[in-house]
Amino acid sequence: MDCTGKSQKYTYIAILTLFLSLLLIISSANAVNSEVLVEDTTSAFIPNAPTYVTATDYKYDRGESAIVKWQLSSDDNSTGKITGYEIFRSEADADNFVSIGVVLPGENSFRDKSTENGVSYIYGVVTLYNGRTSQMVLSEPITPGTEIVNWNLLNLFIIGLLIAGSVIFFITHAKRGKKLFIRKIAGLEAIDEAIGRATEMGRPILFIPGINDMDDVQTIAGITLLGRVAKVVADYDIKINMPVARSIVMTVGRETIKEAYVSAGRPDAYSDDMVHYITDEQFGYVAAVDGIMVREKPATCFYLGAFFAESLILAETGNSVGAIQIAGTAMPAQLPFFVAACDYTLIGEELFAASAYLSNEPKQLGSLKGQDVGKFMAMMAIALGVFGATIAEAWGGSFFIWLDEFMHRLFTITN
Amino acid sequence: MNKKELVAVIIIVALSLIFYFGIKQPIVFSSTVSYIITALIGLVLLYIFIRTVGGKIFGRRTVFLFVGIAVVLPFFMTIKQPIKSSPEVKSLYDAVLALKPDSKVLVSFDYDPPSAPELQPMAESFFMLCFERDLKLIIMGLWPQGPQQAEMALQRAFLEPDIAAKNLKYGVDYVNLGFQTGNEFVIQRMGSSFKSMFQTDYYGTPYDDIPLIRNVTNFSNIDFVFNLSAGYPGTVEWVQVAVDRYGVKLGAGNTAVQAPQMYPYLRAGQLVGLLGGLNGAAEFEKATNIIGKGTKFMVSQSFAHVIVIAFIIIGNAAYFLGEKRREENKPNQTGMNNQPGAN
Amino acid sequence: MEVFGLWLAAFFTLGIISFLYKDNPWYKFSEAVFIGISAGYWFVVSFWDNLYAKFYLGVTANDDYMLFVGAVLGAMMILRLAPNIGWISRWPLAFVVGAISGFYLMNYFSSNVMKQVQNSVIPLFSADYGQSMFTESFGTIAGKIVIAAGTFTGLIYFFFSKEHKGAFGGAAKVGIWVIMITFGASFGYTVMSRMSLLIGRMDFLFGQWLGMIK
């Protein structure tokens, strides 16, 4: 028996087995190690913090906002290594940072809308990755405050000043006795004709000054025209009926008509019942006026002031009783009804122009002329702006591009 | 009141009692019957047109009757109207979809019951959409009955099973601050402090005791504002104060009377979206897939419009043909009346 | 009680609708009740929401003594009823008119003038800087021309410092045509609105009251 040979063989097998086992152990250990290495990489990965964190007061508010800005973390790239940024805030003299917001990767600013005026804050920004955060980078302390002047509205101020200045200039001009030209308003002849009709027929005039209060400029214009109507009514002894929806309008209406009767030398003919309050409620008022129209059958109905949904109801009822109807309002939604149902309509600003034209009062005339300056400015801006924008868009040209941008900037309001 | 009118009143009362006590189930016409009725109405209109051309003038009561029929009959019919969302409705819908869950939406109810047919469907579908998207609602009103309309819209929204299942809590998911007098000055003051205008909510709970709003100072804490408006104060004031001064994002639902005035604001970007009238309500229901009264009423609306157009044509025919007849019947220019026996 | 309320609402609805036939006692009664209740309602709302909620609670619960200024001005307004000292009411009226004018001045100017003029400055034909002349559809171009020209000529119509003669008068005529077409579109919208209100009432009568529809 060759024991030596067999032993050698077994020895070789043992060594080979040992070697292979060792290889297996080492390779699995490597695998484990490499897994561990990978795991170690993940748990060890802390994203890089953002840099240059700055906080500034948000301009033109009441100290309620601050803007926080930062430079993006170097890990903020297309590999998707980070999940966002979290913003913290603490009062400057306390170290109690609380989270106030989270933004997505790629964003480098945040507006804090919950600051208090006069309180100092410090902001901190961290980079986020899978629940882990970078080191917090702090800003310098800032104190949000109130700005007295909002310089973003400088263009609004200048244009407003120009228009207001024109109004004041023309009022002064008119007060000095200079004549201000206003073109003839066709509706005014219709008013005279309508009053004449009522005189001929011996039926009353119904005057509706709208359903808004004296704080509405349309009501004021309506009352001015009432003055003109009341003068003729007083001179010719026609009955006038003026139901109103506001108590102050009632008192002003009574004063206006009373003044007209006094000027005509017939104060005894005036009665407070000519102007009477119905109700503030819109449809309650119009139901009552409809009833008055159907029962009294006025010859002429004036609707001069601010109206809402009741406009067509009034105009239709007036039409059904055969009255001549003159309307005037600046409510765009109601104008179509008055135009369709009334004999004449003063559209929008024609109501105010008629009021100015009739009263010849310097303030009203001057205001109208000043507004015309504003309209002229708007017309020029639109004409030049459209011209410049069209040429700039189609053919370029630095002048036209400048003109387009200038016109846009001139009328842009930034808050 | 004469005998005829008295009989008419008695008939109306009798019919009302019969229908009230007699009808237990809603009446629904089949689609065949619906189309037959539609065709019949068309034929009657054609008859009226032919008679008008022939010289017979029908009074205004005929128009009233036809408008009444056009509005009422579709309630019983099974005709469906296809509805397509317009860009302004779609942009409002997209603006709401863009809001993240838990965003705070301020809804201002600036209308009263007379405008409810147009605006209430908008309110209901808006609430349902917001609750589905887990948005938080802060409700207020610049008109006295506005908050009550809001309560009715909330009750309607809570009838939806999906929304009922969410178990929404008052004060946490939604709150009704009630009515505040002051018109646009309320909006102005809200720009600095909500609490200064609403010390308590609709039910008298102090502002600071309501979890949803205790940290809401002003508009800068609100993510979106939706205004339902029937007049003054309304969308115009919200645009002028809230949007232009405080930079609020505003969507609006208006009555059809007001809607044309809002298009300049929509074009200028001051409104993110606009629902105009019953049509706007129906389009919004289509966009949100929440079918309600807006869609239901559109068939009546369309019928009524067709009737109005038909009578405009008939009226114009009567007017122009009448003028022509008057011209033809005028005596000739020589001034001689050629009838026998004249001097 | 609900059934009684339903019948009452139906009674008044039909009463007001009866006006379409002619003026009658049923309409007169419904109208009188409506006017009375609405006047009373507004009085109650003014008292509880203004006097009580704003003034009384504002002073007693929130120590906002500035509200006394408003209260005094309001009391001065009521002095109108006394003929000898009625002139005092002109002061709060002047305050109200002046304050509201000042408040509205910048609001309206910013929203209704500045922003609208800014959005009227539009390129008519193309949308690409320095590219080709017409890059938008015919419909879009036509729409832009209508917006720009319509706004311009509309402003001309309301310009009162020049007589509407010659080319200026022609432009004013175009302006009034544009305005009238706008009114027509607005009228159509309003017809829709009125129909919607009628639909709402009919839904109430046939749905809630008579139960004939779902």
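In order of appearance the chains are A, B and C, and numbering begins at 1 in each one.
The rule is short, and it goes like this: contacts are C-beta pairs under 8 Å (C-beta built on N, C-alpha and C of every residue); 3 or more make two chains touch, one makes a residue touch a chain.
Since this is a predicted model, take the numbers as computed values, not measurements.
**Student:** Please state whether A-C or A-B has more C-beta contact pairs across its interface.
**Tutor:** Ranking A-C and A-B by C-beta contacts puts A-C first.
**Student:** With centres defined by CA atoms only, which chain is the most remote from subunit B?
**Tutor:** Result for max centroid distance from subunit B is chain A.
**Student:** Centroid from C-alpha atoms only, then distance subunit A to subunit C, rounded to Å. What do you get?
**Tutor:** That gives a centre separation of 16 Å.
**Student:** Measuring from the mean C-alpha position of subunit A to the mean C-alpha position of subunit B, what distance in angstrom results?
**Tutor:** 23
**Student:** Return the residues of subunit B touching two or more other chains; collapse runs of consecutive numbers into ranges.
**Tutor:** 114, 244-245, 257, 260
**Student:** Name the residues of subunit C that each touch 2 or more other chains.
**Tutor:** In subunit C, the residues touching two or more other chains are 110, 115, 118, 186, 190.
**Student:** Which positions in subunit A touch two or more other chains at once?
**Tutor:** Subunit A, residues with two or more chain partners: 283, 332-333, 413.
**Student:** With touch defined as at the start, can you tell me which subunit C residues reach subunit A in the complex?
**Tutor:** So the residues of subunit C touching subunit A come out as 16, 19, 23, 28, 31, 34-35, 37-39, 41-42, 77, 80, 86, 89, 93, 96-97, 100-101, 105-106, 109-110, 113-115, 117-118, 120-133, 148, 151-152, 155-156, 158-164, 179-180, 183-184, 186-187, 190, 194.
**Student:** Considering only the defined contacts, which subunit A positions touch subunit C in the complex?
**Tutor:** 155-156, 159-160, 181-184, 214-215, 217, 220, 248, 251, 278-281, 283-285, 287-288, 290-291, 294-295, 312, 332-333, 335-337, 339-340, 347-350, 353, 368-369, 372, 374-376, 378-379, 381-383, 385-386, 389-390, 392-396, 401, 404, 407-408, 411-413
**Student:** What residues of subunit A sit close enough to touch subunit B in their complex?
**Tutor:** Listed in rising order, the residues are 62, 64-65, 113-114, 283, 308-309, 332-333, 413, 415.
**Student:** Tell me, which parts of subunit B touch subunit C in their complex?
**Tutor:** 1, 5, 9, 12, 16, 19-20, 23-24, 26-28, 61, 64, 67-68, 71-72, 75-76, 114-118, 144, 179-182, 184-185, 188, 199, 239-241, 243-245, 255-257, 259-260, 264-265, 267-270, 276-279, 293, 297, 300-301, 304-305, 308
**Student:** Can you name the residues of subunit B that touch subunit A in the complex?
**Tutor:** 114, 192, 215, 217-218, 220-221, 231-232, 244-247, 257-258, 260-261
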